[in-house]
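Only one structure is covered here, and it is reproduced in the block below.
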Amino acid sequence: MSTLHTINKSPYSHNTLTSCLAVCSENDGILLLEDGVFGAITSAPVADELQKLIQNGISVFALISDIKARGLEDKLAPNIKLVDYNIFVQLTINHRSVQSWY
Amino acid sequence: MIFSLAVYAAPYSSQASYSAYKFAMATLEQGHKLHRIFFYQDGAHNATNLASPPQDEFNLQQAWQSLAKDHNLDLVVCIAAALRRGVLNESEAKRYNKPSHNLADEFTISGLGQLVEAAVVSDRLISFG
Amino acid sequence: MSKKILLISRQAPYGKSTAREAIDIALAASVYDQDIGILFMDDGVFQLLKNQQSNQIDQKNIASILPALALYGIENIYAHQESLNARAIRADELILDNLQLLNNKDVGSLLNQQDHLLSF
Amino acid sequence: MIFSLAVYAAPYSSQASYSAYKFAMATLEQGHKLHRIFFYQDGAHNATNLASPPQDEFNLQQAWQSLAKDHNLDLVVCIAAALRRGVLNESEAKRYNKPSHNLADEFTISGLGQLVEAAVVSDRLISFG
Amino acid sequence: MSKKILLISRQAPYGKSTAREAIDIALAASVYDQDIGILFMDDGVFQLLKNQQSNQIDQKNIASILPALALYGIENIYAHQESLNARAIRADELILDNLQLLNNKDVGSLLNQQDHLLSF
Amino acid sequence: MSTLHTINKSPYSHNTLTSCLAVCSENDGILLLEDGVFGAITSAPVADELQKLIQNGISVFALISDIKARGLEDKLAPNIKLVDYNIFVQLTINHRSVQSWY
């Protein structure tokens, strides 16, 4: 069984994404939303670690409406999947439980 | 599937309540059951009927009320959180000798047990804070 | 069938009301017949320090409330070892002596075993 | 010296309003003039008269009111922040067709200009958020 | 005698209302005859990005409001260079072209020249 | 002229103290209060940098009521001066203006 992690704080100002990455397991998913989507850009703190985790089987998603609202479409790191609320709901079904980091 | 949501942040000041609202809409559109939305901590401010944002701004309190009416939703505000933050229904206002009450229609005030009960009966409990 | 529910308390005491309100949920949850646990991590481990004198700032003492968790029958009380290490908090400084210490990997496994996660 | 304070955080949920209150007390004890305390953003929640915390908890809304009465303080809530967050006086409640009002005594609702004016006439402006 | 007042806007747009409410103060302050400046730093520089489509989340567009600062006569608009660098934001991505870029040391000096600092 | 900086967020979870240290100048003062007092303990992030700044003439203060409330009296880094609200008021007078970081 696996966990979906949601992150809604900027990794530039808060350490929530770092905390999440330290404990998330193979097959877990990470969804970035609200100010958490600043973690999806190439220059984000822990961007390298995020890419490494993606290679190791962790899926990383970002809410497309929050990406567009903040004008970040051209700045996204590779392998981050853009999703809408319908897919967000589906992700919560595909994982056993949801840990919201804030 | 049976979903419940927990909302811990104030509307307007934080985007988290709005995200919860959009998530709630998506679960309903997909035909899932939304057992309860529980408002705790600053989430209690979602339940005031006095918020008066400018006409051209999104009014989340009203949006919750419409959604609840359309889908017969159970919107519950934690009583301890609500009392501390000044969100009262008529009977609590009387009990505490307060001059008025401000709980919006469609919301009910109840205990923390309602969050735990929601966890027990729901397949998924998603927190927004 | 009882559900496995884990509360995750990550905020420091007093600066925000979050820590206090998370404990209130744990106590409320204990009366339902479920498998309840609570995990302190990140700044949440500061809640566990002895010698808190919260009367200095007119707040209720978190360290005095925490022993109620065990009294209310919550047996699974966890603390994140790396969070304690980063804050140089030693075991003898903690208000609870029935804590189970978990490393990063243990926390990951623990999360994956739960039906619901309540995060604060 | 002439001081003014700006308070941007909600009482109870955050310690910042309490810090502002203690700072205000200290300025008055030292004989300084406290020109204005301006409540903005979630600080607007300091001005509700409906907060009903347990008897054994510190009641910051009441504490502000006593301090204001004792020292004839000018407690001003930003109107835009207050309207969005559901803190209304009688005339705003009428204007927006709201069923009740909840602004505590000793607080007045006014515009953002009152913060700027406070900055202009004060030697020190200290923010708590 | 006019006072030097600097607003410091450090929060990202949209996740919290802080960014928006800081701009409202700047605009309100402009009608008083004071020496008003505004400094964007830390996540506050994200407010300056072009191509914000905040209608996606039912909020007013910060990037559309910012040009009003100059229209309201606020001439001193600063951005913190190190904050832009850390976020890999280039000058051509910014909605304002009248920005003065300041490094760490410049910011320190700027703060020391003010009568009042309004921080958001 | 100099600035008094106040910090009310934990440096373990927020980057405010780091931001403050990057721009504060000689003769400035830093006051830690509320959850900001976690920045006063020996193991705090940027504790080394804080000590260096103290050597270079920056004064660092922590509000004693917030230190005691959190049980941190035995964990304090050297050269951090404990102050009460009366001294806090005095510090705001001794500096030209106050920057609150949160």
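So that you can tell them apart, the chains are marked A, B, C, D, E and F in the order they are listed, and the count of residues begins at 1 in each.
In this section, a residue touches a chain if its C-beta (ideal position, glycine included) is under 8 Å from a C-beta of that chain, and two chains touch if they have at least 3 such contacts.
Note that the structure is a prediction, hence the values are computed from the model and not measured.
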item: Steps needed, at fewest, to go from chain C to chain D via touching chains; value: 1
item: Pair sharing more residue contacts (C-beta pairs) when A-C is set against A-E; value: A-E
item: Farthest chain (mean CA position) relative to chain E; value: C
item: Classification of the chain B:chain D interface as same or different, half of numbers criterion; value: same
item: Chain E and chain F, separation of their C-alpha mean positions in angstrom; value: 25
item: Separation of mean Cα positions, chain E and chain B [Å, integer]; value: 34
item: In chain F, residues with contacts to at least two other chains; value: 8, 12-13, 15, 34-35, 65, 97-98, 100, 102
item: Numbers and ranges of chain C residues touching at least 2 other chains; value: 10, 14-17, 42, 57, 59, 115-117, 119
item: Residues of chain B whose C-beta touches two or more other chains; value: 12-13, 15, 41, 57, 124-125, 127, 129
item: Which chain pairs touch, all of them; value: A-B, A-C, A-E, A-F, B-C, B-D, B-E, C-D, C-F, D-E, D-F, E-F
item: Contact set on chain E toward chain A in their complex; value: 10-16, 42-43, 46, 49-57, 59, 63, 86-88
item: Contacting residues of chain F [partner chain A, same complex]; value: 12-16
item: Chain B residues within the chain A interface of the complex; value: 1, 3, 15-16, 19, 22-23, 25-27, 29-30, 32, 124-129
item: Contact set on chain F toward chain D in their complex; value: 8, 33-35, 65, 84-86, 88-89, 92-93, 97-98, 100, 102
item: Touch list for chain B against partner chain D, complex; value: 10, 12-13, 41-42, 45, 48-53, 57, 61, 83-88, 92-93, 96, 98-102
